[in-house]
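Pasting the structures here.
Look for chain A in each of the two complexes below; its partner is chain B in the first and chain C in the second.
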Partner chain A sequence: MSVTIDTKDIYFKELNQQIRDVLKTGVEEIILNNVNGQRYIGDGITGTQSIIINGTPGNDMAAYMDGLKLVINGNGQDAIGNTMNDGTIVIHGNAGDTLGYAMRGGEIYVHGSVGYRVGIHMKGYQEKNPVIVVGGKAGDFFAEYMAGGIQIVLGLDLSPEESIVGDYCGTGMHGGVIYLRGTVEDYQLGKEVKVLPVDQEDLELLGRYVHNYAEYFSEDYEAIISKEFIKLIPFNTRPYGNLYAKY
Partner chain B sequence: MSINYLTPAFLIERDKDRCIDCQVCVRQCANEAHRWDEEEQRVFSEDANCVNCHRCVVMCPTRALHIKKFPLEFRNNANWTQDAMRAIYLQAETGGVLLTGMGNDRPYPIYWDHMLLNASQVTNPSIDPLREPMELKTYLGRKPDFLKIKKGKLLEDIPPQLELDVPIMFSAMSFGSISLNAHKSLAAAAKKVGTYWNTGEGGLHKDLVEHGSHTIVQVASGRFGVDADYLKTAAAIEIKIGQGAKPGIGGHLPGEKVGEEVSQTRMIPLGTDAISPAPHHDIYSIEDLRQLIYSLKEATEYQKPVIVKIAAVHNVAAIASGIVRAGADVVAIDGFRGGTGAAPLRTRDSVGIPIEFALAAVDTRLREEGIRNQVSLVVGGSIRNSSDIVKAIALGADAVYIATSALISMGCHMCQKCYTGKCNWGIATQDPQLTKRLNPEIGAERAANLLKAWAHEIEEMLGGMGINALESLRGNRLMLRGIGLTDRELNILGIKAAGE
Partner chain C sequence: MLKEGQIRIPAGCAISGIMNKKGELTSGQDIIKSIAVMHDRSNGLGGGFAAYGIYPEFKNHYALHLFYDDKKVKQETEFLLNKFFSIEQAEPIPTRNISAIKNVPLIWRYFAKPKVKEMALYESESEYVVDFIMRINSEVEGAYVFSSGKNMGTFKGVGFPEDIGEFFRLDEYKGYSWTAHGRFPTNTPGWWGGAHPFSLLDSTIVHNGEISSYDANRRFLEMYGYKCTLQTDTEAITYIFDLLLRKFGLPLESAVNIVAAPFWSKISRMNSEQQKLFKALRVVYSSLLINGPFSIILGSTNGFMALNDRLKLRSLIAAQKGDNMYIASEESAIREICKNPDKSWAPKGGEPVICLLDGKESLYEFDQVDENEFVRHSVAL
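Our next item is the complex of A and B:
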């Protein structure tokens, strides 16, 4: 069963209350039309239902979210999936800064590019292994303090002067793995990160998520996966282990 | 032992007439300051390993042990003190940032001790709290600008409030920095006394979920253990921007302390450093703070107060004003003497301002701006006793946060070595051999006793002033007089000098 809400001129507080109320009735899918900057959609909600968002949702969408599937037919703004625990987000456009900050589980797919500080402090534990897949490029401070999970940047349709990631990529990284479909200069990387070629195991992992990406956005899987990827991992899990002297 | 330039900090004196070589000290000391010599069949001491935590002194059945400052005198020098030189030897050897524990121990002025309380004499008679009702009940949260009442009923909902039977809460200490038994003690004590304890930034252990109604959960930059359940379990949510012991910097819980339980509770991989970045990377402005506050309110359907905790820094009054306007229900301010499990020494000892000034400045500023009612103020950063609390309330606080005092009630002897993970009192450690030394039932009873004792003392002092409800003392600075303060200091504190 599906419920449609026209969100035009509805303030976020009221809209989110409506969404929570509708989800409690057991509806499997909500379609939000005319979304125009309303914040906190899907925030703190536990469940397995879907929300289809037509328009541009506001900041902190899916913060602390636990299990929902959100599909955005439009661009996303900042702080999507903040401290997200589980669920899937598919964005048919670009997304802003701090996407997936401290994300612990679930998957986020962005068709286009993302802003600064994306995937900062992403972590995983036990069976939780969060994933971000970005089709275009990522801004500065990508995956800073990353502690777990998988982040993939595909660099599709970039012009020659564009770089797949910005500066300070992976600074303070101490867990997880980054895959880039392209190359980076040393100066773009945090000093805690090392670059490795991908092996068969990596390709299997990559294949799964790239396949999802191609499926969600109707892109050519073979064309994407056939280009060379590099892998970024931290030198160790304790980057600051030797920083201190015990007074 | 490798040779270095450091001399021992402490000297262990063992009274040979009293020592019965029972080896209690050997078993009690995680720092290996006592050692059993199999060949000689007697106990020896390793002075260099001693941190002066008093565990062996207290446990020695024959009182055979004394710990003294190591009697090594450098040539008199008021500038190059022993501490200053030790720091250089250590850094020359390691190249490391000096790390320490607990609060600022430098001899800065303690302004609580420069304020005196009033009492009634003849006019406005004092009240005897043993015979007459005294009200310490405190509600923390945003208060409406005015109340609409019809037929004796409130017409609008009051924003969510925390109800405290005593104006004292346990402030944030994470699981990881302190033991699960310490957390259990604090949670149970808070429940017993009718107040709240605070998880700190390390998540809420599954065994403590049952205490949720007395729990404040913290959301810090590392977002450890933060999920929808964590937020919904709590009575209130605290956004940690900073703490008094280390304003402006983050924290690293070393991987050694991230064992199975800590890993599960923080929701991070086993054995990795738990890194809290210095800022929240989604908060670069007051507007961004508002966004986080409202994301938390949305996640908990506006049912819980949101606290924003900051360290007392130079511009604290303007910052607090911004936090109120960002939508916080409570502002917690931590003074520069606030404790910590680990902080860089130079930051701890040199950054921030005293809580007394910060509190006075914030309360004054919020009143001037007409927004004081929109927020409750909670202050911490070395509240040592009940008169500190009465003075804080008279200066304008709604309640206080205590942490170091609570740990002392459970056995801490202030050796300042929390960061080593070898706390012999079972508090600041995850070593199962050590944590079992703190019995959570006894810990809870001791911490609860402290709060009860302080509540009695607060009632006594209130009664002495002729006041029977704490509410009437709040921001009542006429009940304070300064002693030994400059005009400027009196002015900032907003109080008169003794005799005026």
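Our next item is the complex of A and C:
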């Protein structure tokens, strides 16, 4: 069952209350039309339902979200998926800064490019392994202080002067893995990061998420996966292990 | 009441800008709708607008907008105004009664030209006008010049920006370029003069952010006669651009590379010619580096420029639809008035978005100098 809400000129507080009320009735899908700038959609909600967002949702969408599926037909703004615990976000456009900040579970797919500080301090623990897949490019400080999880940047449709990631990529990284479908200069990387070629195991993992990306956005899976990827991992998973406790 | 400067005010804020490259005029309705979308970025303690092209009937006069605390200080200031300017027209700025807008000061505007005989000791007309404004704002308690350009005006006050726009009846003005600001100071007493835009002559600044280099910037500016009376970082930014563009005559690109200078590591990767230039700018103007998070729109008669700090610690989106250019803190603020832009993009930190009227080559133009006048003076000397 599906419920449609015309959100034009509805203030975010009222809209989010409506969403929660509707979800409680057992509805499996909510369609939000004319969304423009309303903040905090999907924040802190536990559940497995879907919300289809037509328009431009406001900042801080899906913070602490736990299980919902959000589909955005439009661009996302800043701070999407802050400390998100579980669920899936599919953005049919670009997204702003600090996407997936401190994300700890679930998956985020962005058709186009993302802003600065995406996936910073992403973390993983046991069965929790968050994933971000970006179709275009990412800005500076991508995956800064990354502690776990998987981040993939595909670099699709970039012009020759555009770089797949900005500067300070992976600065302070001490866990998780980054895959880039393209190359980076050494100066773009944090000193904690080393570059490796991908192996068979990596390709299997990449195949799974690239397949999802291609399916969500009707892109050509073979064309994407056939180009060479590189893998970035931290030199050391406990860089400060000796700082306070010397052996 | 404590004013700005007696209390520190870290700011949140929203900014928005719209302009038409062909110079077509639109009312203030669109910019009000745009900034209103970002209502929650401000807290009702400051809102304001800059509008270009609104006074065509007085396009050669300085449009001086002033706040007065009371009639006595108005009288005192008008005495000075009459001494240094020929006033063509003086009137209260039209306003609407809005319940949300309270504690309104006296708000007047004057269309004025400098008195030539008083100007003799100044190297340029703009210098004369700036000096006059600095004196009023720093020496006349209770009077504040908050707009001083030609064929443009700043409108601001304490309140949410959409209320301030309605209060000043901006729907009744027509301009080709508009910028707006919604303010979120967290511990301000709220004063009308402390709202954005800050302006000097035709230049206006709306700003979201907080500058940690304020004192370094201020000390440098004071050596050139600027008086930072409000101790707000935005005031300093306004004067920095005035100094670099108007007084020093630097190209806008250089001004940008001074205030949002590339890191030394980036300069070290440039070719030797570029290195020379960028090192010189960083060394000579190190005190004008703006440190800390910011997104600003610098408005001028010829268009506007939007800029983020080099680390991009504030949000900024640009968009274009035909001849219309849009800038805002959030994309929704643009989509509210332009549903399907031809393109929208997020500028990189330190990378300016410059939108100029067709036929204009730079944001700032110097005073028009009459060549004959110049020759006559040279002969006389």
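Simple rule for what comes next: the second predicted complex is superposed on the first by the 240 of 247 C-alpha atoms of A that agree within 3 Å, B and C clash if a C-alpha of one lies under 4 Å from a C-alpha of the other, contacts with A are read in each partner's own complex, and residues count from 1 in each chain.
Just so we're on the same page, a residue touches a chain if its C-beta (ideal position, glycine included) is under 8 Å from a C-beta of that chain, and two chains touch if they have at least 3 such contacts.
Everything numeric in this text was worked out from a predicted model, so none of it was measured.
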Contacts of A:139 with chain B and chain C, given as first, second, both or neither: second
First (chain B), second (chain C), both or neither touched by A:243: first
Chain B versus chain C as contact partner of A:187, first or second or both or neither: second
Partner chain(s) touched by A:94 [first = chain B, second = chain C, both, neither]: second
Partner chain(s) touched by A:115 [first = chain B, second = chain C, both, neither]: second
More chain A residues in contact - chain B or chain C: B
Which of chain B and chain C A:46 touches, first, second, both or neither: first
On chain A, positions contacted by chain B and by chain C: 12, 39, 59, 78
Sites on chain C touched by chain A in the complex: 37-38, 40, 265-266, 269, 311-312, 315, 317, 330-333, 335-336, 344, 346, 348-349
Residue numbers on chain B that touch chain A, as the complex places them: 86-87, 90-91, 93-100, 221-223, 226-229, 231-232, 252, 254-255, 263-264, 267-269, 271-273, 275, 277, 281-282, 291-292, 294-295, 298-301, 344-345, 417, 419-420
Complex interface listing, chain A residues touching chain B: 12-13, 16-17, 20, 39-40, 43-46, 59-60, 63-66, 78-79, 82-83, 85, 98, 101-102, 104, 117, 120-121, 123-126, 128, 141, 144-145, 147-148, 172, 174-175, 237-247
In the complex with chain C, residue positions of chain A that touch it: 12, 36-37, 39, 55-56, 58-59, 75, 77-78, 94, 96-97, 115-116, 139-140, 166-167, 187
